[in-house]
Every structure is written in structure tokens, then in C-alpha cells.
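Structures for review follow.
What follows is a pair of complexes built around chain A, which joins chain B in one and chain C in the other.
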Partner chain A sequence: MELARLVVVFARVGILNELQYRVNFFFQILESAIALLTALISLALVFRHTTMLAGWQPAELLVVMGIYGLMSGIVQAVIQPNMVRLARDVFDGRLDYILTKPVDAQLLISIREWQVWRFTNVGLGLLVAGVGMIWGQIGFDVWQALLFVGMLLCGILALYSFWLILTSTSFIIVQIENLINLFEGLFAAGRWPVSIYPGWLRVLLTFVVPVAFAVTVPAEALTARLTGATLVLAVGVSVGLFVIARLCWRWGLSRYSGASA
Partner chain B sequence: MSLQTDQPVVVVNNLSKTYEVPERDAGLLAALRSLVHRRVRSIHAVAGVSFTIQAGEIVGFLGPNGAGKTTTLKMLTGLLHPTGGEARVLGYLPARREPAFLRQITLVMGNRNQLQWDLPALDSFELIRAIYRLPIAGFRSTRDELIELLEVGDLVKKPVRNLSLGERMKMEIIGALLHRPKVLFLDEPTLGLDVTMQRRIRAFIAEYNRRTGATVMLTSHYMADVEALCRRVIVIHHGRVLFDGQLSGLVEQFAAYRTLVVTLAEHGIDLAAFGEVIARDGLRYTLRIPKAAAPLITARLLAEAPVVDLVVEEPPIDDVIEQVFAVEAA
Partner chain C sequence: MWGLLDFYRSAMKQSMLTQFQYRAANYFYMIGMIAEPIIYLSVWSVVATAQGGTVAGYDAGAFAAYYIVWTLVRNMNIVFTPYGWEERIRSGELSGLLLRPLHPLHYDIAFFAGWKVVVIVLWLPIAAILAWLFQPVLAPTWLEVAVFAVAIWGAFLIRMMFLWLLGLISFWTTRVAAIYELFFSVELFLSGRIAPLALFPDWVQALADWFPFRWTFGFPIEALIGQLSPMALITGLAIQACWILVGLGLVMIVWQRALRRYTAVGN
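Right after this comes the complex of A and B.
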């Protein structure tokens, strides 16, 4: 398959690139460890006062936290670096080279950067989620596991689309760093299930920044909370966001004139 | 869409491109005002350009900065949509960016690189192979042929960041030609390179054109590039074609002067009566004379002055070009 083949080739080169900077690996481990520790402390603090948070038990919240780590790992490893690079290329006109290639340009701009060390967070996130599952003695069957993977993929698609929509604005706005900070701030809310937030914020985290679909919904699938309605909504919103992202990208391209000479 | 062999490779008909650019006066107040009320100005970067290029030609595309060269190249490579008119390359409309079209062209920009900075060029070549889906055997033989032609040898195994500017450009050129494109758009391929490296790249382009019959469209600020490679030049200025034809014709048409280098046998002769003396080195004088009067003045000089040696020269192409643009601007 064309897509998989190109992804593999680009990932290989991306990894080769990153291997040049081995020190990053150790810093990344340190950074991930600190982030995890802070998250665990905040979790412990909350449960000194209560044993249940909006219907979620401590072990289940650990699962949410693990999935949050996994998702932010994916965003940091692939999605964000590619989008930052896209914004830079739009700015200095290097996108020209992408546009003269006989492959879908959106595909190419989405798979060029691979910050492999960031996958540490993915591993750590899986570990934390696993510990939560064991601690809470949360069992799951094959069907649930499939649902979980499916919801993860929907979540990744939603996050990717959201990022592409944001980055497509770089065709008219030069600075996207502020947008990145904004995203990171909002995404941090995904550490907790969105059901703990007040209504307006929940809507924001569901339909504007797809945190709910990226983190809470996969966690729901794993903890037998997922309803049919949520499932349909998750698939619908992900695909819908992807279509909107594609349109935004096309619109951005039509405005692209390349940095002159 | 297929292309007949006898059809021109590039057909440009009344092509134009207008940019809308925001405009404001200097100063804080004007900047604040422009936040609310944005004024835009239309810039006619390309204003009705027409030409055709046959298969196998090497055409030089000349013009000062901002003349519309790069904009035209970008429309021919599908990066920009024309505002008006039509461009066809190999029978395709470039702006549609059909894969079948993009597979047959390439774009090299002297001021931008596409290779992976931290990796040896060989790794980047593999990426390009994947993008164009080149069969491994053909890819290797093309790659090795290009490596040999450009004499880069083992440099392909060094990280690109450790290469000199010229070496890097050679790698860029290899990367741009791996898919054996039929049409090459080269935008300032020798920019910033030293004279030796420029000459190497030039020789390579000529050899590549000879071997593959590829059509080449080249922009350069270095007239030496154009003189060495292009029999035909298209001069563009203010978005319009000023001249399209043989390089020699350009000199013929636009050089209003001839340069006369005269060596005299003795001192004390005033040559100002024959023309404008622009340089003097002992008994050697350089005169500038109107082209039309050249035969007459030469004859007079030979008859009236003790001439040891006399050479009539065409002015350097750079001067001619400069003159073309000066005349146009006036």
C-alpha cells in the first residue's frame, strides 16, 4: 500500500536523523519521568479528599492518565513536529519542493518529521495505563480491546486533523507558536476525564479541541463505559474533522505563493 | 494526455500573474490603521508573457530582480495558478499538478535545498526513490551515472551539512534528476558558487542535455552561465518579454555601441575626435563608438592615425543586458 510504504521510508529517515542526537534520548526520559511524577502527585492529592471523581475511581483515572501520556507522545513525536515544519516551510518557501512531487502533498507534509525519542511517552503511557488496569482489576475482552484500538485511531485522526486545521492558518498568519502554546494548554486538560469539567468547557474540549475523543473516549472503551452513541459520535467527529482539515489545507495551498526568490 | 514528439515542450500564451499585496505607510499610526483598514495594491508580476520552447532546447531566462522570472517558473512548475492566459508544459496544465506531469519535470532552486541536512545525500536519494517509485535497478544506474558525471564520488556518504556550498548544490542536482525528468527548470543553480564550481555545473548541464535530450529552462544572474549554455535567451522585464531569440541577436539588437581597442605607434594624438575614450593604458586606447558608425570610424582611424593594432569588440553581454534594462526603465 502506497501510504504505508511511504510512511515506512520516511520514518526510517526520520529515525536516522534523530539518532544523530543521542543526548536527546536521556533528556527525554528525564522529562517524561518528571511529567509522570507530577501527574501522579496531583492524582494522589485529589484522592486524599475523595475516592471517586465524576464516577471514575483512582485506578481508572490512572488509565486515563496513561492514555493521555500515550496520546501526547504521539502528538509530540509525529504530529506537532510535522506541523511546525510545515509552517516553517510555508514561511521560507521550501514547500515548493513538496508541491513538485508526484505524491499527495498533504501526505508528504504529514510524515516528514519523526522525533522518535518522544515515543518514550507512548511507552510510559501504556505502562501507566497497564498498571491502572491491574491495580483496578479491570478486565477486558477482545471486543473491548478492538474498540479501544479503534477509538485510539479515531483520536489520533481527530488530533491530526485539528493540528492541520491550525497549521493551515500559517498560510496567512506567520506565527503559529502561539497556537501551539494554546493547544498544549488545552490538551493538558485531557489528563482528566472530560466529564469532571463544567458543561461549557466539556463542549469546548469535545468539539473544538478534540481532547475528549483523543483521551477520554479510548479510556471509556477500556473501562466498559463506552456507549453506542459516543462510539458513533467519535467516528463521526474524527472523519468530519479530517474532511474539514483537508479542505482547510486545500484552501491554504490555494493561497500559497511561495516566499519569493 | 500524451505529447507528440514534434510539439513544443513549453507553450506559454499571454500568461499573467497579479499579486495582491498589503500596503501601508511607514510609522506606528499607519500600522495601527492598517489593522482595521487594509489597503491592497495589485502587482503585475507577469503581464502577458508568450513564448514556446522546443524539446531539447536550453533557454536562458534573463531579467533583473523582480522581473517576473521566478513567478513564471513557478507557474510552469504548477506552484502558482496563473491570473490570466495559459501555460502548457508537455501538454499538461501545470497548475493541476497531475502526478503524470510532475514525474516528468524537476525544479532546482539555487537558494533552497531539499536534502536532509544531517544525513548523507544517499539517504535523501532513497527518499526520492520512494516518492517517485523508481525501480531499484534503474535508480541505481541513474544515481551512479550522475555521481560520476558530477564527480562527487564518496561525498554522497558524508552528511550534507559537512559539504561545501558547491558540493551541496551538486547533490541537490543529483536529487533533482534521479527520476530522469524531461523538463528541467533551474532557478539560479549556480547562485553563490565560485567560478570553478559554476563552470563544472554548467558543463554538467550541457552534458546532461546532450545525453538525454532534456529541455532546460534556466535563470541566472551570471551571464557566463547563459553564454556557455543557452543559444536562445528570453529577456523579461516588468513582467513582459523584451527579447526572445539568439543570444547573438540580443547583442546585435541592443548593443548600440562597439568597443574599439587601438594601439598607436606614437604619443600626442588626440583620439577624442573619433569617439569617446573610455580607457587608456600607455599607447593602448579603448574607444566607445556608435555601432552604425563603426565601419566609417575604423576606416578613418586607419587612414589618419599611426595605428599599430586595432580590434573591434562587441561589448560584454553584461553591459548589453544592463543597457537593455536601463533603456526600458527610462
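Right after this comes the complex of A and C.
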């Protein structure tokens, strides 16, 4: 309960802070619109040459693309800014301030930044997915909706854990620009269902970089493709990644020596 | 003239030595970049298979060749980012650059050109691994190899000019991200970066002729994978030269006006 209250307080302060810069909202919308248009044109280009892509119809791929937008919105709004700040704090020693507080440090470093305008992409992604559902006349019931939300949460947990594992390396090397570059490059694979990739890459995108569970699996839940085995795997991998991330974080902390900040 | 050549030789050597020290960082960066062509390649391979083997004349092997050559061309395409101008202006770094005896453009070209030499060397093992994974079909003639070797440097210079031009907008406004993103989106489609231009409708291909983008990306790739006649290869180099000059001219004109708006205190 105490944890939830902390998250709410931090989110409120972060959001109030960002709300001061209202013009940013319009520029964010402009940027999101350009990104969306780019994605739609590439989809149109592919379907100029084929009617189905690895068993997915155009409307269903729109759903995939929408969920990709939603997830990258969450990553850009909360996960990535917090991790970038963590890497900087490790570098200049300001992590000391976190460690002296009486709350779990991992929680604190995960909720400090809220780039609220980035949530535009979340809304836009939901819109695109919705349009895809209507266009493809994909019906779903309450059970499927619940499953979808559950899979989304698993996906967010997996992405967060993956980012924390990446950022924990900043306790030994300072490479944050490269980390962002690496993550964005790999995560872009989620624009398409992972089934289009060659076998070795699919394994990589499922178990190492959780692109499959972040985007493809929630889309499968919405389009009635989800099997029981995938469901169990999604929960298992997300929780597993979280445990690994926790261990990496603890290991990183044990190497950290303050810089008399 | 000789002095200038001397400068380029020294500056390129310096940046080569510097960048070679950061081998690991360079590799990290190049590996992050490789995801993009692999995604495109996977999509188009699936489409080609579904269409009975070929799409617009490309089969899986040709797509593999296109996107593996793509990785080198993309690396040659990386020049001073337009986002970097804001920092140069805001921090007053530009004042220092202006005090030097040569135009700042020379320093940027020399620095990145030297870096490219390191990038090409580091790229070779990556290309070998990609070739082993994706089995490209590639049988270039000597002329094609020669034209490619020149064209990647032409591509580098064209993009250098146009991204410099774009970056100069920072002298007028700091709200540049949307403009840049629009530029990069148009470039994505009209350059052949997302897919070979042959896959686009005719009107897009016609449109691409009016922009510099295809000469920075599609042309060098198509030159090496053997899609162009000897005549088209030579004409292509000539058009690249024209775009370099157009870009240079525009940079000179805008630079004059941009500098008049620049003020700095201290530093």
C-alpha cells in the first residue's frame, strides 16, 4: 500500500512538472503523427505486394502496429527516462541520495521520471489498434479483453526488466547512448509479428529481448491466436526476467561506490 | 590547394586513430544499427516466398544482397547530426570553430571521412557473418565494384551537405525535432532505405528522381548488386557530383545568413 502511494506521489509530481511545458504537447503530437504516417505507409507498401504476411491480414497487422505504438509510448514515457537518469546518477555519484532513503532503492529509481507528453503515443497506439479491430471486424469478449490486459502487463514487466538489466551494466561501463540505440534498434522488430523472422532471431526476440511478449503476444490475445502454452510462457518469462533484473541490480549496487556527492 | 589536402590528410589520420581506439563503442553502435535492415530483409523475404519467389524482380538472395550492402551504405551515410547544431550554438562551441582558419565544414568532413575508414574495416567481419546467415546472391563486375567504391563516398558527401543544411535551421529556431523527423521520413521512403525503389509505385520512383536521397542510398547499393547498365553507373556518378555541388552551394548561401544571426558571449 505504501508502495502504491509512493508511485502515485512521484507520478503526480513528475506530471505536474511536465505540464508546465504545454507547447511540447503540440510538437509531440506532430512528431507522433509523422511516425504513425511512416508506419502506415510501410504497411501499405508491404500489402501492395501481398495479401497476407505470415498468416496475418492487413487489419491484424494494424493491431500489431498499434500495440507497438502503445508499448513504445510507455517505454519512452516512464521506463527509458528513468533508466537514463539512473545511468547518469551512477556516473556522477548522485545515486547516493537514493541509497540513503528508507525505501527500496529499485522502486525509487524506477519512478522518478514521467515524460507525460510521451503518453500521446499510447493513445495513438490504442486508436490504431482499435481502427484495426473495427476494420478487420475482429470481435472479442470480456475474457479476451482481460487476457489482453494481462498480457500487456506481462509485456511491460518484461520490457522494464530488460531495460534494468541493460542499465545495470552502467555500474561497470558508461555506454548509455549506445544502450538506447541498441534497445530501439531491437525493439523496432516488434512492428511486425515475430513469426516473420528466421528461427534463430525468433528465439532471440522471445527469450533475450522480450519483443515477442511485449507486442506480438498481446496482439495474439486480441486476435484470438493465443494458445495456453504461450500464455504460460509469457507469464513465466516476464517473471523470470524480473527476477534476473533484480539480481543484476543487486549485483550492480554491490559494485557501486559513492563519489562523495 | 596543397595546404588543404595536407589538412585533410592530417585531420583524417587523427580521427582514424581516435576512432580506432573506440573499437568496442563503434562495434556496439554498428550492431544496434544492424537490427533495422534485418527487419526489412525478413519482411521482404516472407513476402517474396508468399509470392512464389520474387517481388519486383527481387528474390530472397537479391534482397539479402541488397540489405547486406545496405549496412555499409548506411554507415557511410552517418554524418554530423542536425540535432548537434543546437548544442554547438547553445554552448558557444561554435565560437571556437569560427576562430579556426578554415571553414567549419572542412573540419566536419575530414573528421567523419577519417571515421568512415575505421567503419569500413570494422564492417567487414559483420558483413561476413550476415552473408553466412542470409546467403546473398552477389556477382559484381570490376566496373560495378569500382563505381560502388566511389559512389559510397559520393553518398557520404551529399548527405553531409544536406544534413548540414538541415542543421543550420537551428540558427532560427530550436523547435527542430518535427522538421527533422519529417525530413528523415521522406528520406526513408525516397532513398531506398526501407525497401528497394523498384518496389514502389511508378509515381514514387518518378518523385524520387527530384530529390538527392536516392543518390545517397539506393544508387550505391544498386550499383554493386548489379542492376544498372554501365551507362547508368557512370551517369549516376555524374548526378551524385551535381547533387554535391547543389548541396555545397545551398550550404554556402544559408551559412552566410545563419552566421549573421549568431551571437555569443564569452567562451
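A few remarks follow.
In this text, the second predicted complex is superposed on the first by the 259 of 261 C-alpha atoms of A that agree within 3 Å, B and C clash if a C-alpha of one lies under 4 Å from a C-alpha of the other, contacts with A are read in each partner's own complex, and residues count from 1 in each chain.
One rule holds for everything that comes next: contacts are C-beta pairs under 8 Å (C-beta built on N, C-alpha and C of every residue); 3 or more make two chains touch, one makes a residue touch a chain.
Everything numeric here is computed off the predicted structure, so don't read it as measured data.
In the superposition on chain A, A:192 contacts chain C only, with no contact to chain B.
Residue contacts after overlaying the shared chain place A:3 against neither chain B nor chain C.
Of the two partner chains placed by superposition, A:149 touches none, neither chain B nor chain C. Contact with chain B, but none with chain C, is seen for A:101 once the two complexes are overlaid on the shared chain. With both structures placed on the common chain, the touch criterion links A:48 to chain C but leaves chain B unconnected.
Greater residue coverage of chain A by touch, when chain B is weighed against chain C, goes to C.
In the superposition on chain A, A:254 makes contact with chain B only, while chain C stays out of contact range. The contact sets of chain A with chain B and with chain C never meet.
Within the complex formed with chain C, the chain A residues making contact are 27, 30-31, 34-35, 37-38, 41-42, 45-46, 48-50, 52-54, 175, 178, 181-182, 184-186, 188-189, 191-192, 196-198, 200-201. Considering their complex, residues 5-6, 9-10, 13, 16-17, 20, 92-94, 96-97, 99-103, 108, 254, 256-258, 260-261 of chain A touch chain B. Of all the residues in chain B, the ones that touch chain A in their complex are 19, 65, 70-71, 74, 77-81, 97, 99-103, 105-107, 109, 111-112, 114, 116, 118-119, 123-124, 126-127, 130-132, 187.
Chain C meets chain A in the complex at residues 25, 28-29, 31-36, 38-39, 42-43, 46-47, 50-51, 55-56, 133, 175, 177-178, 181-182, 185, 188-189, 194-195, 199-201.
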